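Same chain, two partners: chain A is paired with chain B first, then with chain C.
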Partner chain A sequence: MRLPAGREPAPTLRTGAGLDILPLLISAFALAALLLGGFVVVAPNRLLSGTPLSLWHAAGPGGAATMLAILGAIALLAVCPAFRFQRVLIGLAAGALMVLALALAGMAASEQAAAAGRLTRVSLGAGFWTLFLAGLLLLADCAEREPRRAGKALPLLATLIGLAALLTSGRLAQLSLAREYAVRQQAYWDELVRHLELTGAGLALALVAGGAIGLMAYRRPRRAGPVFAVLNIVQTIPSLALFALLIGPITLLTGLLPGLRQLGISGIGPTPAILALGLYGLLPVARGVHAGLSAVPNTVVEAALGMGMTRRQIVHNTLIPLALPTLLQTLRLTLVQLIGLAVLAALIGAGGLGAFIFQGLGQTAADLVLLGALSAIALALLADTALRGLTLFLVRRPAQ
Partner chain B sequence: MIRFEGVCKSFGGARAVDEVTLDVARGSLCALVGTSGSGKSTLLRLANRLLEADEGSIRFDGADVTGIPPVELRRRMGYVIQSVGLFPHWTVERNIATVPRLLGWPSARIEQRVAELLDLVGLTPGLHARRYPDELSGGQQQRVGVARALAGEPELLLMDEPFGAVDPPTRRGLQDSLMAIQKRTGTTILLVTHDVEEAIRLGGTLAVLDQGRLLQTGTPAQVLTQPANDAVARFFGGPLLGLNRLKALRVGDRAQAGAPSPGEGVPIDSEATLEAALARMVAEGCSRLPVRRLADGSRGVLDLADLVRP
Partner chain C sequence: MRRAAARRAAGLAAGRLARRPVVWVGAVFLGLTFGMGTLAPYLGFLFPAGTRLVYTRASFPELVASHALLTGAASLIAIAIGLAAALFATRPTGRPYAATLDRLGALAQTFPPVAVLALAVPSLGYGALPTAFALVLYGVLPVLGAGMAGLSSVPAAVLEAADGTGFSPAGRLWRIELPLAAPILLAGIRTSVTIGIGTATIGSTVGALTLGSPIIDGLSGDNPAFVLQGTVLVALFAVTVDLAIGEAQRALPQRAR
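Showing the complex of A and B:
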């Protein structure tokens, strides 16, 4: 059977039968980092820098042994001859690694807090992050290369459920990150929602305007060049500058049209932030729509026309379904990009998760910075995974 | 079935189709032949109004095509293009069902029609219906393209270099299938090709185009024995025209009555081409072949001299 373009199996780092190098490398890397770096960092208070504590000391022999056992299991699964559930099992083990690492860090924090008092702060150390990242990489590798949809989803869902259960269980409450969260719980959720609102509004703007531009460029190819040249220039403006640049014109506009101010539009705050996010999303959306539609073979459109489909039927039956993979990918990339960029909105008074990052920077409180940054990263990863899942669900795959 | 009358079409000042008048009779097969840029594809696309004529009129089943909405007109004509243009995201059966679905047929009738067509074009419903186009060979894709074009029971089938993209043996198989299909369904076919052999093989009427003008129409035998001018002769082989003439003429056209002498081998059918007869003479090292007339079973002989007789 011929596989059409774009559906070839992903190239693998496999040598010979069964041996899968990538998981092996990742687990070896995680092991080395674990032995060399501190698993958690213990500081006398929130602002002072602390001393690293190894996994052995932080989690005790039992915890360390379990961790090593999981790493060993991953390495073993990677070298054994290929079998049906190999990738799924590696993915599940990677998830277990992540959940266990977080649980052990939480337990270490509780012990340290009990021993050394309330002011002591236990942060996550380089060893923890390496392990966590290794788990994430292994999960991504499994999701990428496992052929079955269920096989892709199972380790991801199991890990998400495990992490969520851990986060809500209270076992992590003594970690410095959790304590930063605990003192500003209400503000955290407000800013999270605000972050999503900014991203959503910016995305909506980018989709509508960028979609229209992409469609125009597709229908009038001669105009595509100049249009994309202009959008490219917008893209080259440094993000922070674009946020700041919009403050002036909008203030001027609200000065001229006071009615706008009653609608809640002002030079600082959400309006310039949403506008800037929309402008940033413009190029990727327009390009994606243009590329997706242009990639639909002309012959297919001509055949559709020749068989007597109406314009609407052609769009519905050929253009949209055939451009769908590219359109979904565009949506995914733009959303992830805007979630990251929305962090900067805090700088012009629009709020969002960036607020914690800049507060933390001001107070030199690293864990507050992390609270904002990690939340933004988690949002981006979740959005990415969800849209990848949606793509898999909507786009036809060939029979295996 | 379809009649072009004084049809002109220009693109940016250049005449692509120039004063073409052509009548394609119901149930016949007409091959538009000519070099690239001779206007044959343009003429085809004028028929289903993918292009609009600048001058002249095109009548489809007696009615001027400009009076029929393009969408309705196209659903009454099948359309096959060289690159097939199958919908890659639809299965074979869904592809074939395109026009019936557009016409709003009940699903039972569509299902029956799809199975019937797969059978007609030589594919196996159980084996191919649920496949996607990219899981088929080039020749099979062409067959699906033909089935899809025939699905809506079109009165006229338009084919633009339908077999241009497949290898020669597959192409010959597809040509045979097409002739068999036409025999069974009686569909009128207007076909574009730049392949001389294909044009001769499919028979029917040839319409030779050059630089937008219709140079000659006639059966392959007529066109090849009496080319209207140098351009036609050039297109059909120039100095090698004589060889192509052997492909267009039948043994029956040249055979003489008479009893074959004993021991002259297996008789050749009077419907075989002179080319096939010559090939046998070369292979068997003889200059005479016994001939069996298919119609009445009478016998005759074909001499090498009969082949070259003017």
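Showing the complex of A and C:
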């Protein structure tokens, strides 16, 4: 049993009861990062490296005090005896931590730009990232452990709205990341849409072909072994090689059949990228469909047959509803994986968010790299969260 | 007569060995690694005229050695960290943290490897270092997951029986738990190493010298010959290593019994 990228379904663990240590640990860690690391980094221009500025200097006593108050509140909530809204409150505080950290960094950037001129670049420092990541971890932890759906959704939505409001308010405009975005606004949205198109097309391919293979493996168990062995080999090939490997054959094919070229198919560009993404998605989808259907007890199918259900009714009313948690989990893991892999599409001329990453790496422009990489991470996290939400909405008991 | 039987058994074993895919895939891989330099000049018919056919930045054995060294070292570190964390999370003192570690791993896996690789560059510079960082980070997760799953899959009755027979905690771990967890653990290590080889390939985008280097150089320099040479070798490398660990997995149950 081997899923790609180690994405085995979470095993059930024998966990003992104990003090809720994570929020404490994280707020202590964030506090240390605050006191030691640079909150923002001020550089004289885009390519030179800068000097770190601590939170105290960057945000002033007021900002630092508010931040400490939130960290203290999280630690206090964590050591409290359990009460009804404990998780929701910790989640909300974690969200506030993230939004406040970003707002303070934006304010510091505006001040520095006003004081030192247009060329100055203020980028986010290690202290900021530690705080932001700590908030993200806490938020994920609370969403996972809170039993009620509304309690899971509230902190997440509040944080998302807060971050979105901050991003659109223009208060961050002087951060180097925002300035990197401002000079290529149109290109950014084009590449983002391209990234989504590539991922979507690859996913569709994987769902159709992988679904068919999974169904076939379920119906004819004897063929399942060899089929999965072949798909396993595809999964073993390094992603970069798979992307590049497809260029040659497709170029050859378009050379032999010029009609294909008129359809917009060529060896460089989206065609090999989509094909590679689809191939990478085959195994997780096929295995997920196979595992989901196989997990439905035979007795249930027999009972449905005994009740006189037709084949179609059995599939629609018995197999699919019972396999739904696993199927949705498969969809989530595959989508997240393909979003990450689509970054490589830029290397074979297909565009996507990877274009900024590789452009930035080539120019040693860290902020451009950051723009592409953070967007890809945010996209993956959003897709993961949205599909987890959908799963909670559609099924009572998500797959374990 | 007994000697004849032994010889026949040895011959059968050798025959069976020769039929294992790992042997011939590995042979093709090694042959191409050392033969690519000789073979390359004759591949001109595959590519547009005027394509440079011989990769000159480093020889293919050098690239393979560098790739293997990077992946191997990072995988060893990742396995050590992952196993240590899994052991900690399944001991009485660490058990309260198991769920947290598990969630942390799930969150980390959402992050695209290329993005993490690129994010490591500003602080670690270009070259092998950021690649090794990303390799270790992504290598730990499958080992940790598989280690926790494997160690907690040992039935409680077995553990009680071991305690009742007078095993010390260390002896129980070494002689009962680890052997029983080994199949799942090895599957995790297999995934970890496979991911490592793939991530190391991407590492050449940040300047690490691996089998990805001819691919990247070929893509940016519009040279399909380099791309083909790199992809074929790295694919064969990954499949060979995967099959080799698969053989170890197959050999394991007999030893564990």
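Keep in mind that, in the parts below, the second predicted complex is superposed on the first by the 377 of 400 C-alpha atoms of A that agree within 3 Å, B and C clash if a C-alpha of one lies under 4 Å from a C-alpha of the other, contacts with A are read in each partner's own complex, and residues count from 1 in each chain.
Here, a residue touches a chain if its C-beta (ideal position, glycine included) is under 8 Å from a C-beta of that chain, and two chains touch if they have at least 3 such contacts.
Given the structure is predicted, the values throughout are model-derived calculations rather than measurements.
**Q** Check the residue A:P321 against both partner chains and state whether it touches chain B (first), chain C (second), both, or neither.
**A** So A:P321 only meets chain B here.
**Q** Looking at A:A158, would you say it contacts chain B, chain C, both, or neither? Reply first, second, both or neither.
**A** Once the two structures are laid over each other on A, A:A158 reaches no partner at all.
**Q** Who does A:Q313 touch here: chain B (first), chain C (second), both, or neither?
**A** A:Q313 contacts chain B only, not chain C.
**Q** Considering only the touch criterion stated at the top, classify A:T299 as touching first (chain B), second (chain C), both, or neither.
**A** The first partner, chain B, only.
**Q** May I ask you to name which of chain B and chain C touches more residues of chain A?
**A** C
**Q** A:A244 in the overlay: touching chain B, chain C, both, or neither? Say first, second, both or neither.
**A** Second partner only, chain C.
**Q** According to the stated criteria, A:A380 is in contact with first (chain B), second (chain C), both, or neither; which is it?
**A** Touch status of A:A380: second partner only.
**Q** Let me check the overlay on chain A: which residues of chain A are in contact with chain B and also with chain C?
**A** On chain A, the overlap between the chain B and chain C contacts is residues 1-4.
**Q** Can you check the complex and tell me which residues of chain A touch chain C?
**A** Going through chain A, the ones touching chain C are 1-8, 10-19, 21-22, 126, 136-137, 140-141, 144, 232-233, 235-242, 244-245, 247-248, 251, 336, 339-341, 343-344, 347-348, 354, 357-358, 360-361, 366, 369-370, 372-374, 376-377, 380-381, 384.
**Q** Of all residues in chain A, which touch chain B in the complex?
**A** So the residues of chain A in touch with chain B come to 1-4, 297, 299-300, 302-310, 313, 317-318, 321-322, 396, 398.
**Q** Spell out the residues on chain C that touch chain A in their complex, using ranges where they run on.
**A** 89-90, 92, 95-100, 102-104, 106-107, 109-116, 118-119, 121-123, 138, 141-142, 145-146, 148-149, 152-153, 187-188, 190-192, 194-195, 197-198, 201-202, 205-206, 212, 215-216, 218-219, 224, 227-228, 230-232, 234-235, 238-239, 242
**Q** Okay, in this complex, where on chain B does chain A touch?
**A** 48, 50, 70-75, 79, 81, 83-89, 98-99, 102, 132, 134-135, 148-149, 158
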